[in-house]
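So that you can tell them apart, the chains are marked A, B, C and D in the order they are listed, and the count of residues begins at 1 in each.
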Amino acid sequence: MIVENMEVISQHKIADSVYELVLRGEALVRLCNQGQFLHLKVSEGTDPLLRRPISIAQINKDKGELTVIYRAGGRGTNMLALKQAGEMVSVLGPLGNGFPLNEVEASNTAILIGGGIGVPPLYELSLQLRNMGVQVIHVLGFSSSKDVFYEEKFVQLGETYVTTIDGTYGEKGTVIDVITDKQLNFDVIYSCGPTPMLKAIEATFPEKKGFLSLEERMGCGIGACFACVCHVQNDKTRTEYKKICTDGPVFPIGEVEL
Amino acid sequence: MSRLNIELPGLSMKNPIMPASGCFGFGQEYAKLYDLSKLGAIAIKATTVETRFGNPTPRVAETSSGMLNAIGLQNPGLEKVIENELVWLEKYDVPIVANVAGTKTEDYIEVAEKISKSKNVHALELNISCPNVKEGGITFGTNPKVASELTKLVKEVSEVPVYVKLSPNVTDIVEMAVAVEEAGADGLSMINTLLGMRIDLKKRKPILANGAGGLSGPAIKPVAIRMIHQVSQAVSIPIIGMGGITTAEDVIEFFLAGASCVAVGTANFVDPFVCPTIIEDLPRALDELGVDHISELIGGSWK
Amino acid sequence: MSRLNIELPGLSMKNPIMPASGCFGFGQEYAKLYDLSKLGAIAIKATTVETRFGNPTPRVAETSSGMLNAIGLQNPGLEKVIENELVWLEKYDVPIVANVAGTKTEDYIEVAEKISKSKNVHALELNISCPNVKEGGITFGTNPKVASELTKLVKEVSEVPVYVKLSPNVTDIVEMAVAVEEAGADGLSMINTLLGMRIDLKKRKPILANGAGGLSGPAIKPVAIRMIHQVSQAVSIPIIGMGGITTAEDVIEFFLAGASCVAVGTANFVDPFVCPTIIEDLPRALDELGVDHISELIGGSWK
Amino acid sequence: MIVENMEVISQHKIADSVYELVLRGEALVRLCNQGQFLHLKVSEGTDPLLRRPISIAQINKDKGELTVIYRAGGRGTNMLALKQAGEMVSVLGPLGNGFPLNEVEASNTAILIGGGIGVPPLYELSLQLRNMGVQVIHVLGFSSSKDVFYEEKFVQLGETYVTTIDGTYGEKGTVIDVITDKQLNFDVIYSCGPTPMLKAIEATFPEKKGFLSLEERMGCGIGACFACVCHVQNDKTRTEYKKICTDGPVFPIGEVEL
């Protein structure tokens, strides 16, 4: 984990309030894996003060480039969205443990379930799984047609279902609806998205092997401040904990309380 | 010849920079990034008698040039801190300041007595000012009589010098400082966080699960400087200054206000390398002011 | 149909936005920029019996997301304020909140009595909390008994409702608020500035000629929100909220904390059009939250 | 006086830590006069919070451009120095009363005395005086050779003397030294620079007509906050005052206490 000033190579709006940002640097890219995240400083001064945790969507070690995809909503991400090619961004990373690849074999089918702005880290994961010869199914859930992004990119890597809650694009309903309706078969689950979605996955597929990527408000991002802890499932003492920033953000289904 | 070393009760420091309690865990995470022996000292996370999970999340919220936290004194408990964390820290050549917390007087005394026996604990920091503990922590920090009694009792059992960490959430900080000095404190540590709150507009409730939390970071620096400026003129024990320090210039401002060394808290979250960076940068800052040794600056704004 | 009008003791406001005392002079400068009748009210600069030049310069210093000021109550004095400033303001359709200051009890009473007779003064704001006056202003604001007595005396002579402006530099803000409520205050105004300091590294002395000064701006917003959240649950009189407000979202955060209208101070210096901008922007912010009338939000974080 | 987002047209370093910044906008430029100043917001966020007062060095109403020259030293000006062409800067202005032109006649000689970073506003003034046919003499004082800027530009408009305190460039000594040594003759003084220099001018030429541009830490810049007041000379009551932001920054010699 290092701090590096990375150069903005490009920044594009790819859906309603959603931006794709490509950063280039020297050293940091080489350390990154699927499912890890970066801690970005969006401005020079002390406002906003804290870094913003954003997942890695794509890693290009040859070019020394990283892609992140984020929704601009609050102060920090709105300022990030103003960055133009050539400007520099201070990046702390890579942080956390990404999606494990060694839990799946070439003969397996993996289902990658993304919800909204939880979709991005699944892209690099899918690239890696495909490299290993794993069959991938993507189920990408969004609120509405205006929020959909990266569908074509995922289609190129495998079977892809897009759902929207309001039915304005793809299937109408939740990701769970699609999986049950289409009776999709798979050996392992990888998922990232809002907590209600992750809870539904855990409840619907209690017997499946799976990995969930969690979110929490963070201070340090490196395990020192204890901002991002969660309880461990079935812990009677209620004193055990995991830190999402360093023990996660990816946890096996059933490990921590959602 | 060093231009940065500082001698304080119990603390022989290579340089005046320590990470602030609660902002550095027990050092393990930062040890992966740089050699902890570079630091002047380390103030470890508040230790209580029992294991604590702390408050529910969200525990942090951002504010303009600051942050709120309500961690709630999460820590593995006295025994594990002594056996695991402090033993692990022994491999570094750096004095440890043990931050002592509790809810009842007896808790403080038990932690102080036992933790002060650890080989590398060179001083205690009596945390009477944590705003995130409900049961009484806060009254220790806002009532001079109570603070003074606690200080006396802790001094009786501690094998190392005791620094009392003051809360800024008081009408008269000088009164508090003088009270604990008279009670035998070897030094002061100030300031802890200001009590603050942010509200989530959509959910219509505080962002922090705990409601209010402690405000830290550059936003509070002027309050810290003002209080240290007042207190350092009223007491004769040294002050560990903190509150929003981010740069070598900030360190110098705290020295001029009256601090004898400083702690860096929130800035570690923004840049995990901030402590060694400041230490390396200090000689340049001293050069620009034509100062040989940093200790010449202590209280320079009023001396 | 208005979604922004607010009715408070003495103040019938088109919208809940007033410039904060000391940050808007007597309105003349801003009148060149926009129609002052757009404002919900105007809190004019503190008025004292006599003409005051105030403190020596520098009187302001910047801090992270905030500023320090030590203007020292510069004002033309009671007579000229009434005859020139208030009369000039009569041409605008906007209620005036007269900020009353002094060093002795008799000063406050004299200003309150006379200024409250002015046609367009609809409320007084009793400034017992200005940190920049040396002779005693500060003790009014930190001692509940003294504050309560002053409130009573001013209430006796004032022809309009009295809002007491509280200082945040106290251990227990609720105690202060309850004391002045019991003494008959019609409302509260909070918060005034936090006491702070910055030091000039080269000159080795405070940047402000006065030494310490009052910290304002976004940096103090979390302290203001916390105090209003506490106080609004303990009293039944309305609160004029202030401290770091810059945007329509900030206004809503103050309402949810428990304020019934707000004052915008420091932000006027960064953008002189900030008050009308916020007023125009509020309906959008209410729409986003699905709120019809802003008054529905008062105390929404705890109700 | 308005607030306008102006575009950075160019930014160049022209001396040690001294930058020349050209801004373009729609409306603000047309309102500007020599000796007035702008209040610049150097960042989006709330840090640094306050605007920075910077004098107008040149006004190009045809192109809609303004030039300012400033020394990058503190937080705000250092951030301003990072702005690149194409970025926007929020500008409040024009502020204050500039150098009066109606106090001098075509047949007169004006001496323009600048000290360090007080030199810039004299440039537009000199252009205006030249337009009126006034003879101009420039005396520009700097600390050292590395600090000197705009000499050639002033030379094109009239007699120009450059002095440095350490003698590494031009004449050695203060601006006063040069004026007395060279026995320069003039009818009216215009000056901007550090307070000790202004005091020396006032003391050395008590009988001359002249105008001095002052500095003070500012809050609002528009006369509302009373941050920037100064005492009036010979005021027995000590309650009279002038605001540097609106009554100044230019005052006739003898009017206010320096």
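What we mean here is this: contacts are C-beta pairs under 8 Å (C-beta built on N, C-alpha and C of every residue); 3 or more make two chains touch, one makes a residue touch a chain.
Which protein is which chain? UniProt says A, D = Dihydroorotate dehydrogenase B (NAD(+)), electron transfer subunit; B, C = Dihydroorotate dehydrogenase.
This is a predicted model, so every value here is computed, not measured.
**Student:** Select the chain at the greatest separation from chain C (Dihydroorotate dehydrogenase), using centres from the mean of Cα atoms.
**Tutor:** A
**Student:** Per the centroid of Cα atoms for each chain, what is the distance between chain C (Dihydroorotate dehydrogenase) and chain D, given in Å?
**Tutor:** 36
**Student:** Using the average of all C-alpha atoms in each chain as its centre, how far is it in Å between chain A and chain C (Dihydroorotate dehydrogenase)?
**Tutor:** The separation of the two C-alpha centroids amounts to 46 Å.
**Student:** Averaging only over C-alpha atoms, locate the centres of chain A and chain D and give their separation in whole Å.
**Tutor:** 53
**Student:** Give me the residue numbers in chain C (Dihydroorotate dehydrogenase) that touch at least two other chains, ranges are fine.
**Tutor:** Residues 63-66, 217-219.
**Student:** Note the residues in chain D that touch 2 or more other chains, in rising order.
**Tutor:** Within chain D, the residues that touch at least two other chains are 45-48.
**Student:** Considering only which chains touch which, how would you classify the arrangement: line, ring, star, complete or other?
**Tutor:** Drawn as a graph, the chains make a fully connected set, so complete.
**Student:** Could you pull out which chain B (Dihydroorotate dehydrogenase) residues touch chain D in their complex?
**Tutor:** For this pair, the touching residues of chain B (Dihydroorotate dehydrogenase) are 64-65, 218.
**Student:** In the complex of these two chains, what residues of chain B (Dihydroorotate dehydrogenase) are touching chain C (Dihydroorotate dehydrogenase)?
**Tutor:** Within the complex, chain B (Dihydroorotate dehydrogenase) contacts chain C (Dihydroorotate dehydrogenase) at residues 63-66, 68, 142, 169-172, 194-199, 201-202, 204-206, 211-212, 215, 217-223, 225-226, 229, 244, 249, 252-253, 256-257, 289, 300-301.
**Student:** Please name which positions on chain D make contact with chain A in the complex.
**Tutor:** Touch residues, chain D against chain A: 43-48, 75, 79, 82, 84, 86.
**Student:** Once bound in the complex, which stretches of chain A touch chain B (Dihydroorotate dehydrogenase)?
**Tutor:** Touching chain B (Dihydroorotate dehydrogenase) from chain A are residues 1, 3, 41, 45-51, 76, 92, 216-231, 237-239, 241, 246.
**Student:** Please give the residue numbers of chain A that touch chain C (Dihydroorotate dehydrogenase) in the complex, ascending.
**Tutor:** The contact residues of chain A facing chain C (Dihydroorotate dehydrogenase) are 45-47.
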